[in-house]
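Several structures are given next for inspection.
Two complexes, one shared chain (subunit A), two partners (subunit B, subunit C).
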Partner chain A sequence: MAEFSEALFSIFFIETLINGLLLGGVLALLSLGLNLIFGVVDVVWICYAEIIMLGMYTIFFLYKAGVPLPLAILGGIAVTTILGYLTHKLVISRVLDAAPINQLLATGGLLFFFQGLAMVVFGIEFRNLGVSLGSLAVSSDIYLSSTRLLSFAVSGVVVICLYFFLSRSYLGAAIRAISQDREIMTLMGVDTKRLYLLTSAIGGALAGLAAALLALQYDIHPFIGLSFGPITFVICVMGGLGNMVGGFLAAFVFAELITLGGYFADLEWGYVMAFVFFVVTMFIRPEGLFARKS
Partner chain B sequence: MREFRVFQRVTAIATMALALFAFAINATAQDKKIKIGVIYDYTGPLAGGGSDLQALGAKIMIDHINSQGGVEGYKIKAIYADAQSKPEVAINEAVRLIEQEKVDMLLGFYSSAQCVPVAAKVDALKKFMWITTCISPAVLKGRKLKYVFRPQVHGGQFGWLSVEFLHANAKSKMGVEPGKLRLAIIHEDGPYGSGVAGGNASKAKELGMNVVLKEGYSATAPDLSSLVTKLKRKRPDVILHTGYNPDISLFLRQAKEQGLKFKALIGHGAGYGVADKLYDALGNDVDHFFNVDPVSIWLLDPKSLKPGLAAITEKVGKEYVKAKPSTKTKSAHVGMAASNAHVFFTDVLPRAIKKYGGIDAESLRKAALETNIPVGGTLLGFGVKFPKTGENDMMGQNTMASPVVMQYIKRKVYVAWPKALQTIDPVLPLPKSSPYTK
Partner chain C sequence: MNSNIVIGIIAVILCALPFIGVETYSLHLIIVILIWAFAYTGWSIMGRFGLVSLGHGAFMSIGGYVTALLWNNIGLSPWIGIPVSLLVSGLLAIVIGYPCFRYKIVGHYFALVTLALSEVVRQVIIATRDTTGGSLGYTPERHGEGISIVALQFSNDRIYFYYVALFVWMAGIMIWRYVDQSMSRYALEAISEDEDASAAVGVQVTREKLKVTVLSAVMTTFAGAMYCQYQMFISPDTIGGVGVSLQIVFAVVVGGIYNALGPTVGAVITIMLAEVLRISIGTASVCVSKDVCFNAAGVPLLIYGILLIVFIIFLPKGIVGGVADWWKSRSADPPDAAGSTQLEPAKAKTG
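This part shows the complex of A and B:
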């Protein structure tokens, strides 16, 4: 108990809260694209984290080839945008009317394909950009990772941009409409195929953005998707699959549970708490924590 | 005269018969082979974390032995299998190799999480298993396995040595009484990390040293910031870390960004054993970190080894660079597997064939139990001797294996401890140039 109260009233408790927020920024960025795609296309891309992984590799190799980092990041985003487009065009569009389990199996197959492809092409070596953005000293005890701050800021900007895109633009309105009722939209003459492709490409671009921020923080290897894929999926479900704002907020709830649990108990307890919270949420609000009641 | 001709003919026929017999014997000998299932992680996160280098070391040695004509007339037929960094795959592959490929024995294994279940399974199937790498004490401790042998150092020894090193150098190098040195033990939470951390903790207790934090984490955790914050709150002088990769580079990167300061960091093999990767990921921040491992075979004084071994070390080094031309700092991993495989092929296997008449598990077991290689008799420098039944609670564990403490400075590896093997006076505490300096 003394240990708990000492931890609670320590300056490091504040650092933990902030770190939770910053981790939330990373996870939120990961979940945005996946949620957008599910909301519109109604297919869960199990392979989404692997597209991010391929984006990380693209950025790494462009940067190591002498391309300036901002351009390398743009290159990464371009590649994941194309991958998002192709994933829908070549695979998802063929299983749109299939049973959900078949859709899951198809994207699950893509996951292994992307992993295997990365292993064959890039090898099993861990790659690292070797770029550090340093940290920001808040006090003599508290330092914040600049990369995490950047991720947080980018997540915020992206969610605002997406909000305006979806609420103010013609295409955004069409995307929102199709996510609400896909059949009626077809009857009204809307080209749903084009909208699906566009959404998948935007989802791919968001994966590229996430790849850029992850490449600054993590080693790149063919299996990095395993560290993020399941968590991203859980966050999307917790926030309400397809609900972008819900997913965005759920990422912060999930991240705070991980960091606070890890701070007050063993690190693993943070994950246990977060996943227990998820299970309980599914019992109480199976439609998601932030889903609007219909 | 006629009798002489008859004698000549008989002699000629006998000579021809003998020649044919010898040829047949020779042909049979050449046809003899020992089928060995070699299991490492060629894919998955553990592959790049050191397993592929261990696999390379074992392969180099197998090829070397075959190029020398094999062992007592037996050629080695290796069947390589990928455990994919997953314990369940390792078990399945082990069973497949034994039951379908009909291998005579198994060799290899990088991950302790795989070794623990596989060792029990292989022993139950009454097959011989020679472990080159995985170090968790849990693989052998208290299990009374009959057919599983490990010439490798065990994890507890890794943990003991780093604490002994600190105890011996705290006062002289850091100006702190050993009992007042604040130690933090962090580790991946599988059998490997837990085994080493257990060794750290038990030795610290024995020597009256102060452990301010002991905590495990999952090697695939995407965030270690809470652990770093906790370490900052506990203000340790020394961090004793056991991990694979990429958790090590994630921890060190987050530690730097969050401003964690300490006087020394000691890693314990696996990810810390791949200096090239550490330097690639973290640059010169890695300078002056320590790593506990069996000594890198290229750091040993050739004169301290049995005649002939230095040439093999050199050959292993050449083959290593040929297979991985981008190597800047030779990893201890390759030499470790090569040396431990060499012990089997040059000591255990010949005795099993010559003295016990075969390559079945029982013959190999009897031969292994008679192994008695003195210090200097292996590429790794340490001796090899396995306990007799009931002698201790770790049947199959080499009682003469010992690790060393190495230090990384400017991409070079030096032996810092024990004193007898030192190639450098250890730099302790971290110099001011390190971003982690307390």
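This part shows the complex of A and C:
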């Protein structure tokens, strides 16, 4: 017990907590686009993490070809935006009237397709961007990764931008309205097809942004999507699918669980704890932890 | 009558297969197909009622790991180890299923909760790497040379295992047909159409769903144990995780979810496709010029993905279902309108 309380008040524990907060920023950004798409189009993109993976590859190869990093990131965002657009245009639009599970499985097919594509074109080697932003010394004992601080800041900014876009702009109002009542919007003369495509493209762009932040921190390989895809879905569901504020908060709960699990035991136990927490939450509040009562 | 004769002939051919000059490699392929076909059949028993689980990778790995761990660590024969693993996953299915059904977690939400389950089991296997070998995989110890009934190890003599797999697969088809003809089928179809309405007319929703879930989980677990005993190697990614869970769903959708032989056809097509592509294209890099090389190992995944999307869009009932419809519309006129075309008519409840 003494050991435990010692661990609890040590400087490393505080560092872990802060790291969890920063990881939360990354996870929040990951789940943002997925949540937006779900809220508007009402389809869960199982392949969302794979779009991020293709964005990471784009950034990697552009950067290695001599393109400056900021431009490479823009290139990555452009590619994922197009991918998001095409995903809706070529696949989702054809299964809009099918059962929800058929839609889920169609994006599951895309998941295999993107993984196969990445394997064929990019090979199975682990690739690293090789860019380090170094770490920031907060005090003599606490060092924080600059990349994580950056991702935290970026996702904060993106959330605020998205909030203003949805609440202030005309298009944002249309997007919010369509997520509330699908049928009536068509009667009001809103072109739902165009809105769906726009939302999918924005979701794709957010995936590109997440790809940029992940490419700075992790190795890239065709199956990297499987390592953070499930966490992303689970965060969206826990926050209440389509509820962006809920998803944002859930990302932090999840991140803290993972890092604390990693602090007291192995990182895998952190994941186990987080997933078990999710399952238990689903039983207590099936509509999501932060869902508003309707 | 006619169909009984056909079934009889097929059964005789299947039983005689090892004696009519099938080479070892083909026999190996057939055994693998039979094992997976049994797992897919198990999945479709619940999947056809709109209970789309992405967690069957978890049940499959429990079958493999519990059996192998008991054998290696305390020398418990798979004859006891397999029932123990079935019990474990049956209990797990109840622990996950009961609250899900009680609180009406359906559609997307059910799929994502079960997806979390397959991740939990995978992460537990990786986290306990000191005992389970983690992501590197795990091998049941050989009992020694030759065949052992106690250890359920048949060394490299595939004929024995072929008959075991054939028997188990046939049992799987029988179970499927049994459920298909039972009262539970009508109850579950009613539930998948409208849960509240069927509860109102006296269908015990939670109980019926739980029954079929446990049955399905136990069957998949058994397939996992068989896979382990046959391949003598398991790893979290070959029999568990999200990848395998999706692979199960994919094969069943391609084969046909509403027919007894659909999952088997799905297994034959997907496994043969992977094998043919692997042999014809190979796994090496294919270079079109000095600098531009392609890794052919990804081609099967690529084609899988395209096929799955095409099937969902154009043939949601799968190959067997599609052929059956076509046959019906040809022989019967006007065409039979019965049979739903959707996997999951019920909308997810969000509050």
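Basically, the second predicted complex is superposed on the first by the 292 of 294 C-alpha atoms of A that agree within 3 Å, B and C clash if a C-alpha of one lies under 4 Å from a C-alpha of the other, contacts with A are read in each partner's own complex, and residues count from 1 in each chain.
Keep this in mind: contacts are C-beta pairs under 8 Å (C-beta built on N, C-alpha and C of every residue); 3 or more make two chains touch, one makes a residue touch a chain.
Since the model is a prediction, treat every value here as computed from it, not as a measurement.
In the superposed model, A:128 makes contact with subunit B only, not with subunit C. In the superposition on chain A, A:164 makes contact with neither subunit B nor subunit C.
Of the two partner chains placed by the overlay, only subunit B lies in contact with A:143; subunit C stays clear of it. Contacts of A:237 after superposition on the shared chain: subunit C is touched, whereas subunit B is not. With both structures placed on the common chain, the touch criterion links A:91 to subunit C but leaves subunit B unconnected. With both structures placed on the common chain, the touch criterion links A:226 to subunit B and to subunit C. After overlaying the two complexes on the shared chain, residue contacts for A:119 are found with subunit B and with subunit C alike. When the two complexes are overlaid on their common chain A, residue A:266 makes contact with subunit B and with subunit C alike.
In the superposition on the C-alpha atoms of chain A, the part of subunit A touched by subunit B in one complex and by subunit C in the other spans residues 119, 124, 222, 226, 266, 268, 271. Against subunit B, the residues of subunit A that register as touching in their complex are 7, 10, 12, 15-16, 19, 22-23, 119, 124-128, 130, 132, 134-135, 137, 141-148, 217-219, 221-224, 226-228, 231, 255, 258-263, 266-268, 270-271. The residues of subunit B lying in touch with subunit A in their complex are 42-45, 47-49, 52, 85, 189, 215-218, 220-227, 229-230, 232-233, 245-246, 249-250, 253-254, 256-259, 277, 280-281, 283. Touching subunit A in their complex are the following residues of subunit C: 50, 52, 96, 99-100, 103-105, 107-109, 111-113, 115-117, 119-120, 123-124, 126-127, 241-243, 246, 249-250, 253, 285, 293-309, 311-313, 316, 342-345, 347-351. The touching residues of subunit A, when paired with subunit C in their complex, are 44, 46, 91, 94-95, 98-102, 104-106, 108-124, 222, 226, 229-230, 233-234, 237, 240-241, 265-266, 268-269, 271-272, 275-276, 278-279, 282-283, 286-287, 291, 293-294.
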